[in-house]
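Common to both upcoming complexes is chain A, partnered first by chain B, then by chain C.
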Partner chain A sequence: MVLDYVFIAELFARTVSHALIIVKLLQMKKLFITKESLEELVKNLKKDCDEFIAPKKEHLDDIVFSDTKHSGGELSAYEGNSVVSPRAFLLPQTEEVFKIISAKGAKFKAIEEKTRRIFYGVRPCDMKAITLMRDFFADKFVDAFYEQKMERSIFIAIACASRCSKKSFCYEMDSGPVAKDGFDIELTPVKMGYLVDIGSKKGSKILKKNNKLFTKASSGAIKEAKAILERFGEAAKRIDYKKLARIMAQDKVKQSIWDDMGLRCVACSGCITLCPTCSCFSFMDRLENDRGARLRYCDGCIYAGFTRMAGGSAPIPNHKDHIRRFFEHKLNIDTLRYGRPSCVGCARCIEICPGNIDIRKFIEAVTKGAE
Partner chain B sequence: MIKRVLTTCPYCGVGCGFYLDVRDGRVAGVIPSKSNTVSKGYLCVKGWHSHEIVQHPDRLKKPLIKNNGKFKEASWDTALDYVANRLKDIKAKHGSDSLAVCASARCTNEENFLMMKFARAALGTNNIDHCARTCHAATVSGLNQSFGSGAGTNSYDELPFMDCILIIGSNPTEAHPIVGWRVRTAVDNGAKTIVCDPRRILSAESADVHIQHYPGTDIALINAMINFIIRENLHDKEFIEKRTEGFNELEEAVKSYTPESVKDITGVKPELIKKAARIYAASKKSCIMYSLGMTEHTVGTDNVIAMANLAMVTGHVGREFSGVYPMRGQNNVQGACDMGALPNVYSGYQPVADKNARDKFEKAWGVELPARPGLTLTDMIDSAIKGDVKCFYIIGEDQVRTDPDTHMIERALKSLEFLVVQEIFLSETAKMADVVLPGASFAEKEGTFTCAERRIQRVRRAILPISGKTDGDIICEISGRLGYKMEFDSLKVCDEIASLTPLFKGVSFERLEENGLQWPVPEHGHPGTPVVHLGKFTRGLGRFIPLKHKPPAEVPDKEYPFILTTGRMLFHYNTGTMTRRVSNLSREYPHNFVQINPKDAETSGVKNKGRVKVKTRRGELTVAAEVTDKIKKGVLWMPFHFTDEPTNVLTNSAFDPVCKTGEYKACAAKIEKL
Partner chain C sequence: MKNEYFPKIVVIENIVNEAPDVKTFTLRLKHESGGKLKYKPGQFMMLSLPGYGEAPFTFASRPASNGRFQITVKKLGSLTAALHDLREKDAVGIRGPYGNSFPLDKIENKDLLFVAGGIGMAPLRSLIQQVFKNRKNYGNVEIVYGSRSPRELVYKDEIISWQDNPDTDIHLTVDTPDETWGGACGVVCALFPKVKLDPKTSVVILCGPPVMIKSAIKDILKLGFRDSNIYASLERHMKCGAGKCGHCYIKGKYVCLDGPNFSYLEMKKLEINS
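Presenting the complex of A and B:
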């Protein structure tokens, strides 16, 4: 509701000619958009951005976030989730951060990222991940490369009517089926269209510009959405992440669990590449003679070399402890540091692990084993 | 601009599918394809980083011509004219068979077809071979004798449902990680695994039986298993009766190989051999997975036949959820074999010596073709030293670093009159060339790769060739200059292959679009063949071939007391030309090393991470020691990925007499503490 107030407050600040609209909007708690109007909205939004990042069906059943501004083909309503999360755009696998004009002469040229992106169809788990990543990239130390992308991004979330995969556990991690935070607009699918929530000034601007496309939500639609969302959480239990973190912090996880993980992990790096909250990176220079670029690339805990010191000494020498760092960071350290875990239950790491390591089963085993 | 290009991984022979994530012309990352039948969204660490090498600044961009020992950049026209003229001269002076072509398991099927067409039709020689010679030539020759077809028998997707997987001389989680995932899943589903390897590899940690035998004692081991299986009446009499021939000879031959009698040869307790034999034979759904640990021996072909014998004795072949899985090492080594980049066959293994096959190709290509089979890679090296072969045209292979006994290879290449190397990076072999032609990476071409389960899959172009030409373009342009025009549109070449090759008759780009096809595809509209030898072997009856254990060409003695064996590791690929240019991969293992058992380390005074000199009769190398109980006592293990610390100066070039594969996996060595 706080978000509604922001939106309303902004509207109040506008000219008197908007008075009628304001009165109208004050009367409604929720907005509604039909499927046809949503298509219209998408068309309008595409005009106001450089890249319209939306889920798109690639080969067969692959759903991947792609730029559909010109190509079209975005899935306005869809089941499942994209193979990659919006992180792939905010912290890409590799990105040039500045050009090296002369390495010897120490001459560089900044690269300014000016692309205006609209992320459409972002799932609540990924939306939450973006809010969590801000704690890392824009809290005390602001990461300019990340932040200039965030500033120019608009997020339109779509709530989930059903689980995206058998392995996902967003509800259990309190990050689904609806986004609570971080979005500019959120759509909740019902039979006739979508309920609309506005989450920010950017969102209310869009609403204002396209106000003809929205109507007041009927109580029937609201009830319907409520029922869908309730059904989503049926038979599911929220994970007691504080208890989990406590057990891990006290090093009470059975050694056999870590040993087994060591026998499974083949250091593919899939988990840290697809995790929507992984934030580790390194830099490399790509030089041809004296010219080139500095690149930032995704890096992380599963590599032995990640924390190896100059001279070869490794504080964490054993293979099984490298993948452990992933679990410790997500579920233990970040809960201590930020008061919440850095896992949103999207299940991407489970679905691509060649060792069949399952973070959900890990959580179950740890919390159960300790009781 | 964002572009997503679905393609096939350029590393090992598993054949995983992913999208290249192209942003404003820069290949920025990799996105796995969950819909890909082979990889289902899983990738290994090499695959996840395969974008990094595509636009690496070290890529060769312009042709190089050597003048007074130094390379100078040249225009394409100058370089191609020069190469064509030299080839013409040598051919005129010394005849067609003084030329030799080394095709590439890294290139597409279409390009390999063009290479073999170029060698045979334009140069007029059957001297064409490729790196299968140094890896799975034994598979082709061995399985062909036993079953009548030299490729893997079953499909990856059967693996998770096996009851027993026998892994021998193969390291699935490191060398073929996405097949390794299926092995892991099988274990999670309750399958039993038997790992036969001198090292305690990751799969051995979760295995029911780990047989740590000495390198080069596989036939003794397998014969003993067969012996025990027959003795315990665990063999499949009905299968043997109906589907095979030669069982009596086999039974006779294995009589002297009891688990007890091979104890000293193999260094394995008889109980372990019996346990393994019992599990493999008694399980309903059993298969064998093997790799270069079996083929890279002087008895490579026999090793492969031994496994075929074992599979047939127990009836674990010729039906679903069974079979023999040769894990191929390179993205398209299966395809390069299939395309006839071999000295004795055209595409689809049609013999050059067969007049009907030759007539067909002569008619299609409008030239007279040589009838005598050409030289294998191993023989080419010999002939170069002798002076019979004057010119090598090498595409995408680094013999100086990959072939055994480096010093001999260097001698061979130096003996040549003319050496052309087509490469994407300046490899050690390329450095020795007279002309270097810059080829294209997988991300720059259209075509197909064939993976170890015989699945032909599409490779698609993400960016234009960095050098301006693909490998196919280059071959065609040289061929044209030699007066023989060849079509290079990969789609049309694919159609040409289908029209001339019964195995691929039903293959076309259109039909490969969805998820590829597993050959044989004998008709248009044929769905492909997931399991071969169903109901009947390709050769009719499966043939038992009795075998005897033969020790490696070089065995430990007083002077060289260790067995040195070599292999591949997870983070690197072959000579490291690609993986050592990927930041994270190179960082994991930046240097070469040698694994030694703690007991041996103690007697040799070797310390963990200490510098040691490894010596063999062919060379020596200084590396760091890794003291680990993962390796059997008496055995040393080294990877071969480090071009600046090249392990193959040590290995033995003694080869299998049938398939001519070198013995990388066993030679005598000593170690000295520095």
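Presenting the complex of A and C:
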């Protein structure tokens, strides 16, 4: 009997939160842009930035984010999501943090990030990841390199009309198919064009400058956008990530689950390379004779040497504890620390894993096993 | 916007050979880098050696009014080897200070037990110097210090001079004695029975290799010292010092931000023993 009440209450809460999102959508989405005008907008935006980071087909038909300001070829509309998240431009694989003028004399020269970037076509899951990382990089000590890039960037998100892959679970993790915040402009695709959301002052500035390209949205277009959300909601249930974190914090995950993951992980580092919220790094110096630079490069907890010290001792020596650390950080610790997990359900780690480690199945197994 | 990763320049004023492969460097900030460095015992710096990168070192001397500070470095990897090759007047970079200090408020008027192994004496020395500078503010002091051999004991002359302080007892031990050694032999834990401090109220501060910290804490607890009164200065791989790079992360805590000094109570919560 009690269980029934809980179930009804949960169902009610879900319906209400769902309805609230739709109400918010109805209030906000009042502007519209046609596909042709969007092409025009892209042309105009390219003039106002140093780099126009947009999805593009490269290599063997992969969608990747790339600077298309001069090269062109950006996809103004696209299905699915990019192989690598736009994180690659905010926390690049390598970046200089200062110049070394003389290594012997210990003379350094500061550098400042001044590139003005427009990120176009960012998916809601990645948009959320970018804002989560901003919270992290501004916590206590501000990471000037991430923050400066954010201050000089404009984000134009494109909501997802359909799931990008069978394995994605953005709706379940409360980070799709539309972005809630972080964007300056969000476009929601409908039949005739896009509904337009303005999310910030930077966004309104663009609107003012290009106001001829926008019109008022029709009620038909608004209904269409509403249907997208409903379609996602019908097929899925939100994950109770606070409950998940509680179970993990109480160390109630079966040891057999951790052992199994340890066996499956081959330490290929695919997950940490593609995860849009992975933020770990190291420094190295690159010198030519006496001059060069200190570089920051992406590093990660899956690597065997990540905690090893010069003397040889490693506080986390066992391989199976490395993958566990990754899961604990994303799903347990960050939920306790920030009130939300650092997983946005993009499923990139699931798609890439040669050992078939599936974070979504892990969540299911853990939450089910504890009931 | 301040670039946290940009080092200040320091000059090496003096180099002392402490022990085989161990040197103590006296450093001073260059004037253009802002004069004096404010730090507390137990905090650490990220030392930059261009071409070799950075590594964390704890301040090994008490904060002095002349702005000079020391680090004691054992040659273990490529950066420390290169550091050992430097000479007086050479310049290096530092960032910091980072991390928490030893529990300075908590130890006032308390009896103190310091336990150190090998190069682990370096972080403790900054606090021990501070304690003896303000001797009246603290109770009895006992220091248990061990190393592999007599030659590997660091700050030997200074440690002998500490014995001149009132209400102070120093217990030294080595694993392998030589012909010069007339003292105790064995691990530091073997000296604990000699400690006369009241376990119920005394504060214990440890630093040393992980195996030593692990076994010393076990034995100290057996003597009745309280887990909230036992502190260890921990060592982890660190790249940034600012809670960003992720290397020293343990269950949501960063050794560089929340440590490197943890009470045993906190260590138990983090499920670590060294």
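A few comments on the model shown:
The rule is short, and it goes like this: the second predicted complex is superposed on the first by the 340 of 371 C-alpha atoms of A that agree within 3 Å, B and C clash if a C-alpha of one lies under 4 Å from a C-alpha of the other, contacts with A are read in each partner's own complex, and residues count from 1 in each chain.
Assume a residue touches a chain if its C-beta (ideal position, glycine included) is under 8 Å from a C-beta of that chain, and two chains touch if they have at least 3 such contacts.
Model, not experiment: these values are computed from the prediction.
Upon superposition of the two complexes on chain A, no clash is found between chain B and chain C, which fit side by side.
In the superposition on chain A, no contact is made by A:134 with either chain B or chain C.
Of the two partner chains placed by the overlay, only chain B lies in contact with A:92; chain C stays clear of it.
Contacts of A:351 after superposition: chain B is touched, whereas chain C is not reached. Legend: residue contacts after superposition of the two complexes on their common chain; A:62 is shown touching chain B, with no touch to chain C.
With both structures placed on the common chain, the touch criterion links A:303 to chain B but leaves chain C unconnected. In the superposed model, A:311 makes contact with chain C only, not with chain B.
In the superposition on chain A, A:287 contacts both chain B and chain C.
Of all Cα pairs spanning chain B and chain C in the superposition, the closest are 10 Å apart. The residues of chain A shared by its contacts with chain B and with chain C are 282, 284, 287, 292, 299, 308. The touching residues of chain A, when paired with chain C in their complex, are 97-98, 100, 102-108, 110, 112, 136-137, 139-145, 147-148, 279-285, 287, 292, 294, 296, 299-301, 306-311, 313, 315, 325, 328-329, 333-334, 336-337.
Listing the residues of chain C that touch chain A in their complex gives 1-7, 9, 48, 50-55, 76-77, 79-80, 90-93, 209-210, 235-237, 239-240, 242-252, 257, 272, 274. Residues 51, 58-62, 64, 66-67, 83-84, 88, 92-96, 263-264, 266-270, 273, 282, 284, 286-288, 292, 297, 299, 303-305, 308, 312, 351-356 of chain A touch chain B in their complex.
In the complex of the two chains, the chain B residues touching chain A come out as 1-2, 4, 6, 19, 21, 23, 26, 28-36, 41-45, 47-49, 51-52, 56-57, 173-174, 177-178, 180-181, 184-185, 188, 202, 205-206, 514-515, 570-571, 583-584, 587-588, 609.
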